[in-house]
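Multiple structures follow.
Heads up, the next two complexes both have chain A, just with different partners, chain B and then chain C.
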Partner chain A sequence: MSKCRTYLCKAVLKEHFGDLAEKICLYMINKGCCHLRQIASETELPLDKVRKVLTALIQQNVIKFEKTKRGVVEYFVDIDVLLWRHRIPKFIHCAKSLYGDAAELLVEDIVYHGQIMMSKAVDNVTSKLNEALENAGHQKIGSSIVHDKFSLLAGSHFIRQCINGMETSEEELDERDQSTLYRVPPLHSTGKRKRSIDDSEQPAKRQKTDAPGDDGIYWKINSRRFHQYFRDQMFIKAISNRIDKRASTILQTMLRLSEVKTDDLCFTTQPLSFTEIFQAIPLDAGITRNLCEQYLTLMVDDSTNLVSKIGESGGGMFVVNIMKGLTSLCKAHLESVVQERFGSKSLRIFKVLLLKEHLEQKQIEEMAMIPSKEAKELLYNMFAQKFVSVTEISKTADHAPARTFYFFRVHMDQLARNILENCYKALANAMVKREAETIEHQ
Partner chain B sequence: MAANVKQEPVEDTDLETRVLLMCHQNPEGITDALIQEDMPHFDVKQRVTAINRLLSTGRIDLLKSSSGKLIYKLKDSSSQDAVKGSDQQEKVVYQIIKDAGNKGIWIRDIRFKCNLLLTQVNKILKNLESKKLIKAVKSVAASKKKVYMLYNLEPDRTVTGGAWYSDQDFESEFVEVLNQQCFKYLVQKAEAAKETKVDPIAQRNSSYASSHDVWKYISELGISKVQLSVEDIETILDTLIYDGKCERSIVVGAGDSDKSKKLYRAINPVIQSTGLMRMPCGSCPVFHNCYEGGAVSPTTCIYMKDWLQL
Partner chain C sequence: MAGRGRGRGKTVSFDVQALGFGRGEALPAANFQPPPLFPTQEFKPIPLDQNEDNAYLLALKQEFVAAIRKSPYYLKLDDRKRDIERYSDKYQLSSTDSSEAFEPDWRRLPSELKIKKRKNRKVSAIKPNLVARKKNAVKTEPDIDEKEIAKTLESLEKREETGVVDGEEMIGVKIEQEDDDDDENKAGGDDDNEEDIEGEYYDEDDLEEETDYAFNYFDNGEAYGDDDGDDDEGPVY
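Now for the complex of A and B:
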């Protein structure tokens, strides 16, 4: 793992879980999988303290564990989950804007606990809401309203059930199992009828203890679904910038239709027919059949390649090209970095290289229409900061500079990775700065 | 015997005219083998005398071709007049410069071609220049390199650099102004399209402007002292594409011409500036030297301080 990423992990751990967790996790991040005693002895911490930290972090889904063939349980840090903790405020805001206050509190509660039973979360949120309502002089609400919100969140896959890591692993789940992950159990007050088997077996005991109807089923945030939502919002924003609001409405409809149906990491969405898309467009958007057709053509023709037409049946079959869309967005972000860091003229050189791939310096000057001296300076500046690279092709075996062609080009993947690293570092820097400022002003 | 002697000069002049005719048909020049093939009934001696006579009267030239063979070429009557009265060396140099056309020729190459000494060549060139037969032009490719060409020729684009150069200097400001004006035109066109057309496709189609339209607009603005061609404007429009401000599409010319037309239109950027660049770290010059506890560190960062207005 890169230095910058570890640096960011360190900052996140310190901020979210404190110094002890930071020490233990950093050791685990450097080592990979390790067992309990190893951690304790290497970090020179008492065993029970390590155990407590591990428990807390497992509860927060940051640490995972698995049983090796020799029967030893090994622990490792799920770095993605750890870094995604930044996005929690965004998750909560997203839930609020989609489903309202109750959903916001639910997501907050689930994140706070890491893993929690539905009944508990619903109870917590209901009491919190009621408290606020009472203070404002409103009437109390029942837990069923919160439960409905919970079902909505689960129905759109924003939250999911946890699976027991000791019994089954994520990879073993097939498609049917996947769908059961989002099945919401009934709330205990209303769910008696459905749990008839349990009821008939020990009705007396249940009545007394009033055990929740969802005992043993824990829920957590489905970060990947949130990411999918953010990604879709990015696309919608991009199309709205590029074409206009109405085009983005159509794209939004397309994404919404395929939201739960398509896997979050696939390259394209499920094909959608024109009729399907048109019927799902909200009526108040004021988009006629003709307009919808035209906008789809526009989006297919657009250079972002976000939408493609793959067939003619059903008035035309369309897919959203996730991969291509992400690539062009990524390109746009890289260009933005170049623009801000080196200026517009450098951006021109950069884009010439992006479009034409391999070019000699002379060709770059001619195409970008920048005088030789200036172009050299801009180009070498970008080269020094690893934004462009050089390929040497020598006419002779001795690689004498006079007999060698020097081709400049942009390695997109490499550059994107570099910029990502910079983002990690910048984020960690911001966190460190915030920490320092808070200490100073305490 | 006497008849034979009398006949010979007649045949010789016949041979001469035929050689001249062949030279006329092949402006690239003819080889000795070609003459032999064409007129097998003349022997070597006859050919030699004929050609020698043609050479001495200055009607054909003897040159060395690229493959190393000797070729005969018709001598230009115009060059004949221009260098009248000058000596053989001057004629040779003049011919070399003339062959180089409007691309010009470097003094070193002249020396190699005519095998004369540098001082001699210099003298000849100075002579020709003072007679206003040739001129020296500075090339944009290398500022110290002078190329020679005939006095009445307009230098080639590769020598002067075209419209974008004045006195060997690239006019970057001029290019920038044109770049901005072209973009302005395209934006105006796109805005007009947005206001007048309802259909999104019609909107897009009418926001396209052909390079000819842009050229006309720029010419009418009168910002350029030199006459720009449509191709010049296209290179400017290409820079707009590289700036990410417009896109190009090509349509096949309808009916009247088979030439495809290049259309350009202004486009909106997909994103606002990226997140990384909205904080100081994005453009920080010492970003890679920055670490906790170092001389540059986030806690002591002055850029951060300004940014957060602490």
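Now for the complex of A and C:
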């Protein structure tokens, strides 16, 4: 793992879980899978403290564990989950904008606890809401409203059940099990209800000893589903900027239709027929059949290749090319970074390189229409900061510079990784700086 | 590196003009310093997008981090260097521990993570334990001693009784032997010599034993590492 990423992990751990967790997790990040005793002895911390940290962070989904074949339990840090903690406010905000305040509080409560039983989360949120409502002078609400929101969140896969790590591991789940992960248990299981009515003579005692109906079923947020949602929103926004609002409505419909059906990491969505798309478009968008057809052709012909036509049946089968869409979004991001860091003339060179892939210095100067000396300066500046790379192709075997072609090109993958690293570093630096400032001004 | 040694006399081995330097123009001096930590920015970054959504996200984040800092999941290292160990320390320990409120579901966690409930007891029980041990030590030692003394005394008494009898018998035997010796002495005057020889013989025996010892414990180092090498060399026949 890169240095910057570890540095960021360290900052996040310190901010969210304290310095004890920071020390232990940092050791684990550097080591990989570790045993309990190994962690305790290598970090020179008391065993009980290590235990405490591990339990707390397993609860927060940051640390995962696995039983090896020899029966030893090994622990490791899930770095993605750790870094995704930066997106928590976004997750909460997303839940609010989609399903309202109750859903917002639910997601907040689930994230706060990491893993929580439905009954507890619903109780917490109901009491919180009622407190707020009372202060505002409104009537109280019942827990069933909150439970409905919970079902909505689970139904759209924004939250999911946790797998009991003691019994099964994530890989063992097949498709059928995947779907059961989003099944919401009833708030009060009916069997229990009846019994408690029967035993109404001693209800207080019963309630205390009774486990809630969903005992042992813990829920956590499904970050991948949230990411999928953010990704779709990016596509919709991009298309609305590129074409117009109506096109984005059509794309939104397509993405909504395939939302829960397609896996979040696949390259293209499930194929959708024209009729399917047209029927699902909201009526108030004012899109006629003819218009819809035209917009779809427009999107297919667009250079971003976000939508493509894969067949003629059903009035035409369409898919959303997620991979291609992401690539063009990434390209746009890189271009904007170059624009902000090197100026628009450098961007012109950069764009020429993206378009033509391999170019010699002379060609760049000509195609970007920049005077030779200036073009060289701009190009070498980008080369020095690793935005542009050089391929040497020699005419002779001795690689003499005079007889060698120097082709400049942009390695998209490499550059994207570099910029991601820079982002990690910038974020971590900002966090460290903020920490230092708050300590200073306390 | 191709072309090495060819451009002798020049600073670079290729045509400098290709890089945009005119003929006779001086090349910039080599830079031996690391790049500056905070390079001057040619282009200032654009100001942050301050809309309502971002402000709300910021508020959410601050609220969330503040909440999680007070939660049982936030664990401090808590080993401030103290100048002296204070009497009150052990009572503060339990009150500052915020993680008490967090009760994980042990059905979902490896059992080795469970902290045994001896922590609190330890703190409260340290002192009485020590005292008890000391008291015990003071109490038990004399007990054992008395018993042992009584036992040893008894056994000694028994031994003395039997020993006296033995002694008498042995003395009897000795007397008989002396008698025999006397008889032998009377029989021949070479006995003294024989005894001397015997004495020498014993000395030799002692010497031999000493050399045996030396032989037994002499290690020339040949056997060293035999044990380790066993696996590689296969079975020893």
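The rule is short, and it goes like this: the second predicted complex is superposed on the first by the 420 of 442 C-alpha atoms of A that agree within 3 Å, B and C clash if a C-alpha of one lies under 4 Å from a C-alpha of the other, contacts with A are read in each partner's own complex, and residues count from 1 in each chain.
Simple rule for what comes next: a contact is a pair of C-beta atoms (placed from the backbone, for glycine too) under 8 Å apart; a residue touches a chain by one contact, two chains touch by 3 or more.
Note that the structure is a prediction, hence the values are computed from the model and not measured.
> I'd like to know which partner A:K90 touches here: chain B for first, chain C for second, both or neither.
second
> On the A-aligned overlay, A:R341 touches which partner chain: chain B = first, chain C = second, or both, or neither?
both
> In the overlaid three-chain picture, which partner chain does A:A21 touch, first (chain B) or second (chain C), both, or neither?
Second partner only.
> Contact-wise, after the overlay, does A:T126 reach chain B, chain C, both or neither (first, second, both, neither)?
neither
> On the A-aligned overlay, A:Y218 touches which partner chain: chain B = first, chain C = second, or both, or neither?
Only chain C; A:Y218 stays clear of chain B.
> By the touch definition at the top of the document, which applies to A:V73: first (chain B), second (chain C), both, or neither?
Only chain C is touched by A:V73; chain B is not.
> Would you sort A:S143 into first (chain B), second (chain C), both or neither based on which partner it touches?
Touch partners of A:S143: none, neither chain B nor chain C.
> Kindly classify A:S372 by the partners it touches after superposition: chain B alone (first), chain C alone (second), both, or neither?
both
> Residues of chain A that sit at the chain B interface in one complex and at the chain C interface in the other, please.
Touching chain B in the first complex and chain C in the second, residues 340-341, 372 of chain A appear in both lists.
> Per the contact definition, I'd like the list of chain B residues that touch chain A in the complex.
Spelled out, the residues of chain B in touch with chain A are 164, 169-170, 172, 175, 179, 199-201, 204, 235-236, 238-239, 241-244, 247, 267-277, 279, 281-283, 287, 290, 292, 298-299, 301, 304, 308, 310.
> Where on chain A is chain C touching in the complex?
Chain A reaches chain C through residues 15-21, 23, 36, 48-49, 51-60, 65, 67, 73, 88-90, 92-93, 108, 111-112, 114-115, 162, 164-166, 216, 218, 340-343, 361, 372-373, 376-377, 394, 398-402.
> Within the complex, which stretch of chain C touches chain A?
So the residues of chain C in touch with chain A come to 2-3, 6, 13-15, 18-20, 42-43, 45-46, 53, 56-58, 60-61, 64-65, 67-69, 71-78, 99, 102, 104-105, 107-110, 112-115, 119.
> Per the contact definition, I'd like the list of chain A residues that touch chain B in the complex.
237-238, 241-244, 246-247, 290-291, 294-295, 297-298, 303-304, 328-329, 332-333, 335-337, 339-341, 344, 347-349, 351-352, 355, 367-372, 374, 419, 422-423, 425-426, 428-430, 432-433, 436-437
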